[in-house]
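Each of the two complexes below includes subunit A, the first together with subunit B, the second together with subunit C.
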Partner chain A sequence: MRKILSLFLLCIIPLFFSGCWDNIEIDERAFITGMGFDKYEEKEKKGEEEKETQVSNLKRYILTVTYPNVAMIAQKAEGDPSYIYSTVCASPSDGKQQINLRNNKNFYLNHSKVAIIGAELARDEKMMREILDVIQRSIYINRKIHIFITPQKAQEILTMDTGKNMDMGLFLEELIEKEITSPRRPETSFDAIITNLRESNASMFPRIAKGEKEVTTGGAAVLKGYKLVGWLDPIETRDVNILKGRGKIADYTIKIDKLYIVVEQMNLRSKMKAYEGEDKRINIDFEVEAEGILLQHYYGVPGEPFDSSYIEKINKVTEKQLTNEFLQVVEKIQKQYKTDIFKVGEYLRKFEPKTWEKVKNNWDEIYPETKVNIDVKMHVRRVGIEG
Partner chain B sequence: MGFYEELFAPEEDKRNKIKITKSLDQNLGKVKEILNNCDDVIYREFSVGKGQKLKFATIYAEGLADKNLVNEYVLKNLMILARMTDPDVNTIREKVYDLIKDGVLSVSDLKEIEDINLVVDNILTGETVLLIDKWNKAIVIASKGWPMRSVSEPETEAVIRGSREGFVETMRVNTSLVRRRIRDPKFKIKQMQIGKRSKTDIAVLFIDEIVNKDILKKVVRRLKNIDIDGILESGYIEQLLEDNWRSPFPQIQSTERPEKVVGALYEGKIGIIVDNTPFALIIPTTFNSLLQSVEDYNERFLIGNAIRILRYVAVITSLFLPSLYIAMTSYHPGMIPTELALYIAGSRDGVPFPSFIEAFIMEFSLELLREAGIRLPGPIGATIGIVGGLVLGQAAVEAGIVSSLMVIIVALTAIAAYTTPSYSFAIGFRLLRFVYMGFAAVLGLYGVMLAFLITLTHLCNLKSFGVPYLTPFNIYNISLKDFKDTLFKAPLHKMKKRPEFIAKDDKDRLVDHVHDNNKKRM
Partner chain C sequence: MNRNNDRITSDQLFSVLVTLIIGIGILSLPRNLADKAGPDSLIVMVAGAIVFGVIALIILKLITKFPNKTIIEIGSSITSKPIGTIIGFIYLFYLVVLIILEIRAFGEISKNFLLLATPIEVIMITFLLASVYTVRSGIETIARMSVLILPLSIIPAIFTMFFVMGELDPSYFLPFFHTPPLKLIKAIPEVAFSFLGFEFILFLGFFVKDFDKIKRVSMWSLGTVSVIYFITVFITIARFGIAETKSLIWPVVTLFKTVEIPGTIFENVEVVIMSIWLLSIFMTVVITHFGAVFLLSRLLKSREHNYLALPIIPVVYLISLIPENVAQVYDFLGLFSNFFGSISAVIIPSFLLAISYFKRKSKHGRGKNA
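Here is the complex of A and B:
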């Protein structure tokens, strides 16, 4: 009898220690793939923000979530590819509570793929920090979630039709994670962005925008200290990526002898160096070395690309054109946005600690005044097939 | 007396001895009295000698004894040949017994006994007993010969490469199948009888110098302790001998393959062959040995290893797959890759049961099919398999009772379970699978791990005749040498020693073997 009792207890005890009574069948969950955060702007504000309690609804955010129609994925049913819920709320968590009142499935964030932040919200440092904290703190949201900032409203992006009968979250995930990546977009993962923000107090968020029919993901939003300060277009973003050594593959349209030719960059080595120059100014050197292919020339001039002096000319022109282009971009970032996207401060801290000691207290003032030298070397190695 | 003689010394016959008297009629009367109402016993009385003065009687059980042998070599010789010789009854009367025994009966195996009880015993084992008037001894003529199945391929343990011979129901044939593979005088076969009424012959097989004597002692002691009325199959012996009857895992391996027994003997293990069953027992048995197949050794190194690893993976799959499916779909969908999670969610859309019930229904119907397939005669059994597997599964998915992925999971589990070479081992795992599924349904992944830990604790605790069941995974002084024949199998020429945990005396299997092309070119 005693034996049976002890065996019984043994079986019962683990049940109490478990706390694992969260059994929800997989088909009863709403697999949130995309989240959108927008700032709620009422036409006339009546001091809503001063309210401290939630007796009546505090209206600050617009939360939009989308989850795919799984029955359609398993080819069991037809219909809309995704379900979208949008609500005005005091916080994302309040939004979740509200959506739970309207949705028949259980809110589930573990498979969330993208989070889109509206530009209005991104310009508000307080709210931006709230959102970043929500994502960072959540045990459900993956740190590899892709973050976007849109000049329009996140809600508009998420409610768009992808045209491929697909959920927007899944569509964007596929778009980003496909093998042929584009350098015209900065790193998208939350982890990388937040690391940049922490290290240099500045970061590039990928930009997403609504076009006529499609969404487009080129370019970047530049953040300084959790606040949106400006935008970079896709080509500028590409140049930043090249200077950072990330954009391995790119193609440049070069004007040479009144002809437009295309040089594709195949291999890239990019190095940044910062040091205190003789005139006590901080110098930033970029050394870019790339290999290229002649991708497009002009039909009917046989022999020319085989001429090594011509190739040398292409190299020279490309180098000059790129140096100018890069200088412009760096200037925009440095002088206009005053953001340390290249992590010069971090570089000084790691490799030139003595210099860093001198400048760290007023780095924000010193940084825009630093001298930038860019040295581009291009080697066109292959010229393709010639007819 | 040597070690083995002492060990196997038969127990004394507790029955009252009934001496054979000099009167044939009296003796016959006693035998008939014991064997009354046994209509299969044949008595044949006849007279021998020129003057027909000597009375003889043969007794044998019809069907057990070889009638031809009795007719041709016993009766014929006694009745015809004995008459041709001219025994002077007066002079050789005292020697007639010797004369008959040594000169007349052209049978190779003769014994003499003095007890009526033994006479009866011998008759019932199929021997023919010759009683002679005015002589107080009986001659037992070895005439066992009953209809038996010929040696054929074992059905439960088929292999691609390996001997096609399997054990049959006759112990003597089985021991000969083993003896043919070990022509070593050190290979011993010790016989005993178990069962108060069935008196089943049991042979204990081992190789002197290799066998672990401690284990042998334990086995014989336990065998001698058995006091049961009848042994119908080696399963009876297995259940009475094993250490832990509550365990789902077999602690004694049973096999139909002589080479498996031989392989075990060479490792220092002990084989037990029981009469009337083609299943021999191997003692001691470890977890590891139940996952070994004869083919692993017959195939070359790489192939053998690949198959061995595959089998381990299959065992893990068959144990965990349904429970992991339940745990992940109902508790932790975050662990499944997104696309798959969405697909599973979609395929489960509209299924009326929680995934545990769904899995249980499918697993249960699979077990039904399996059992039905065994019971039904061959051709119908195959039909049941097709009807059940294909039609039922398809229909269930179309009806929306189960999700299509569940059918795949269950099918995969079933296939994986059938790769285990030992049937009784596989069935243990099959049972555990349901327990795991229950744990997964209640506690998710935590439950699966909990169940696994309980199983592991049990396995660590389990012993087969003093040998830890998980050997060599859980021995104290762990060394790489012990793993030569586990998850991986070392090439044959590297396996120079017998397993340490069994063989104690003669440990060498293989003298340094050098492949020819490795030798220095002369």
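Here is the complex of A and C:
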């Protein structure tokens, strides 16, 4: 009896050592780093009526994915730095199925770094919401994924050569996560963007564009209610970031006495306040304060920058110029795009609940009519080593 | 069977209670709170903990009156034997259904996040078999295991949450007290029910060696759980905001998903955290399972309980597969814990306590008259 039992156990035990059921060896995975979503537009209208039963051949998206040549990174093989697949599909998961038919490696999204959305798609609210849901709902895609909108096609960006013998997804990840960041770009993580979109119905997506040879990130796409409504260039994005308190360092070129000088701003602090004014209008106050260094002046005028009253003058001029610039940007966002990027509604809801009760039902109409006051305080502290 | 003496110390009881109460409920607690109470979630959280503290005091009052007795005997001696048996059956039913719902919710969560290609049946069966093995070994083993598991599972998880500290925005809890008070009161049960499991002390008290300490220890464990819940709710809502927390099914798991430990060695930390979190869920199931088996053996007047551990598994397994989808599981869970939770944790204990007071008074009265 004992013998039979031990034999039986011997037969059973190997079953428990067989490992995971869903085990896929690491070298058989395609670690997708970048995903691109574009709207598919038929180049030529065939003049036929739309067939409703064409489900099997529904063409809505262009999905592009890229994954690095891992063997090359390990310096064990040569060849292209990355593999790129692109397909016309009905949905991203349909695209995944199609790519699975073509690729010898297993599609694996857990380590994806960037997602790029084409502007055409972002202008289509329905499709944009589909893509956001794909990313949000997925258990594979990390919520920290960097997300971009491009005025061109995402496919074009992902198929570009980085010039560094590198995969585009990894290249962009490095570009974003390097130590010296730029305030000329809004937050890139999906997590932050989607939270803003939910709380304030408005958000900035970082913009990515194809240059002649290089890819460039900078500027922002402005979204209102899951729909692309306009763009901000890198400088405007910097101003918005400063007003939102996110930009900590900037260097403004200031025109003073027909000279262009550069004043670096450090320890930028910004505080927003919104309240109901005496005339029943909503006021939005921005208070920006910065310390600074004179980075560039004019060679051969000794003594001038090393003069307290001159520095005071620089402060005054900088304050005026910055205030004007900020006002312009805020006006563009507020009047032209009518988008509550500064989360004024959220501010009122949190800190002025009584006012919010009054305005929340028609906030969309009230917001563009609000009064904006900007107050900039600049303190140049140091002037470098040239007196 | 003399493998152990089937007695636990009050220190062990602490770990048992904490690992028992913290289970699957906490993973969706911030969503329920954000949904019902909005920015006032933390206030409701505190109020709910206090409300449950009062309930806990009622339960403790009852069992300290009858040291080292189970709810069946307490029920019998206060009312009558048949009623005691009925009470026993109510608790048995409650515990079995709890295992069923817990095991299913556990299966759904682990299939969703960890074992994507493994059939949910396999996940649940292996889990249940492991539970059978533990339950057969008796309460002492379970208690020792919970002492081991408590620091292993819950502390790393709470510790990991602190890595998102830099991204928190506490202003999501503003404005203060702007939700209608009635709505807040309605949200309190949501918190109180996430402390369910505590009422198991009605029969766990039976095993406690140093019974005089039971009151202090169980209040301490309640306090610990409240603090853990509070931290979790605070961090989750401050991280995601009200609107986003509302929309996530398991916001706490998503929170782990967004954790970035400095240095790129660790990515997707949630897999590690979820794996150890499962230990805590496992303890919840094991203790519930043990409770059901123990009550059953008492009702059958059997001296041993361990042979009953396996037979209830097929029932649990088959019923747990009835809910069609994950939404239905949570509907049942909500409905069940609201209804039976309040019966077993609030109504029966306070009813018994009231009767016992009444009885003693009338006895006193009679004594004086005589």
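Quick note on the criterion: the second predicted complex is superposed on the first by the 354 of 387 C-alpha atoms of A that agree within 3 Å, B and C clash if a C-alpha of one lies under 4 Å from a C-alpha of the other, contacts with A are read in each partner's own complex, and residues count from 1 in each chain.
The rule we apply is simple: a contact is a pair of C-beta atoms (placed from the backbone, for glycine too) under 8 Å apart; a residue touches a chain by one contact, two chains touch by 3 or more.
Keep in mind that what you see is a predicted model, and the values were worked out from it rather than measured.
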Scan A:E42 for contacts with subunit B and subunit C and give back first, second, both or neither. neither
Looking only at contacts as defined up top, I'd like to know whether subunit B or subunit C touches more of subunit A. B
Which of the two partners, first being subunit B and second being subunit C, lies in contact with A:K76: first, second, both, or neither? first
Now for A:E212: first (subunit B), second (subunit C), both, or neither, which partner does it touch? neither
With both complexes superposed on chain A, which partner does A:R349 reach: first (subunit B), second (subunit C), both or neither? second
First (subunit B), second (subunit C), both or neither: which does A:H111 touch? both
In the overlay, answer first, second, both or neither for which of subunit B and subunit C A:D279 touches. neither
For A:P68 in the superposed arrangement: first (subunit B), second (subunit C), both or neither? first
Subunit B/subunit C common contact set on subunit A: 22, 110-111
Please name which positions on subunit B make contact with subunit A in the complex. 329-331, 333-334, 338, 341-351, 354-355, 441-444, 446-447, 450
Touching subunit B in the complex, subunit A uses residues 14-15, 18, 20, 22-27, 29, 31, 33, 68, 70-77, 108, 110-111, 113, 140, 170, 173
The subunit A residues in contact with subunit C across the complex are 21-22, 110-111, 139, 142-144, 191, 194-195, 198-199, 349-351, 353
For a test of understanding, state which residues of subunit C touch subunit A in their complex under the given definition. 39, 112-113, 115-118, 171-172, 174-175, 178, 240-244, 247, 254, 257-258, 260, 267-268
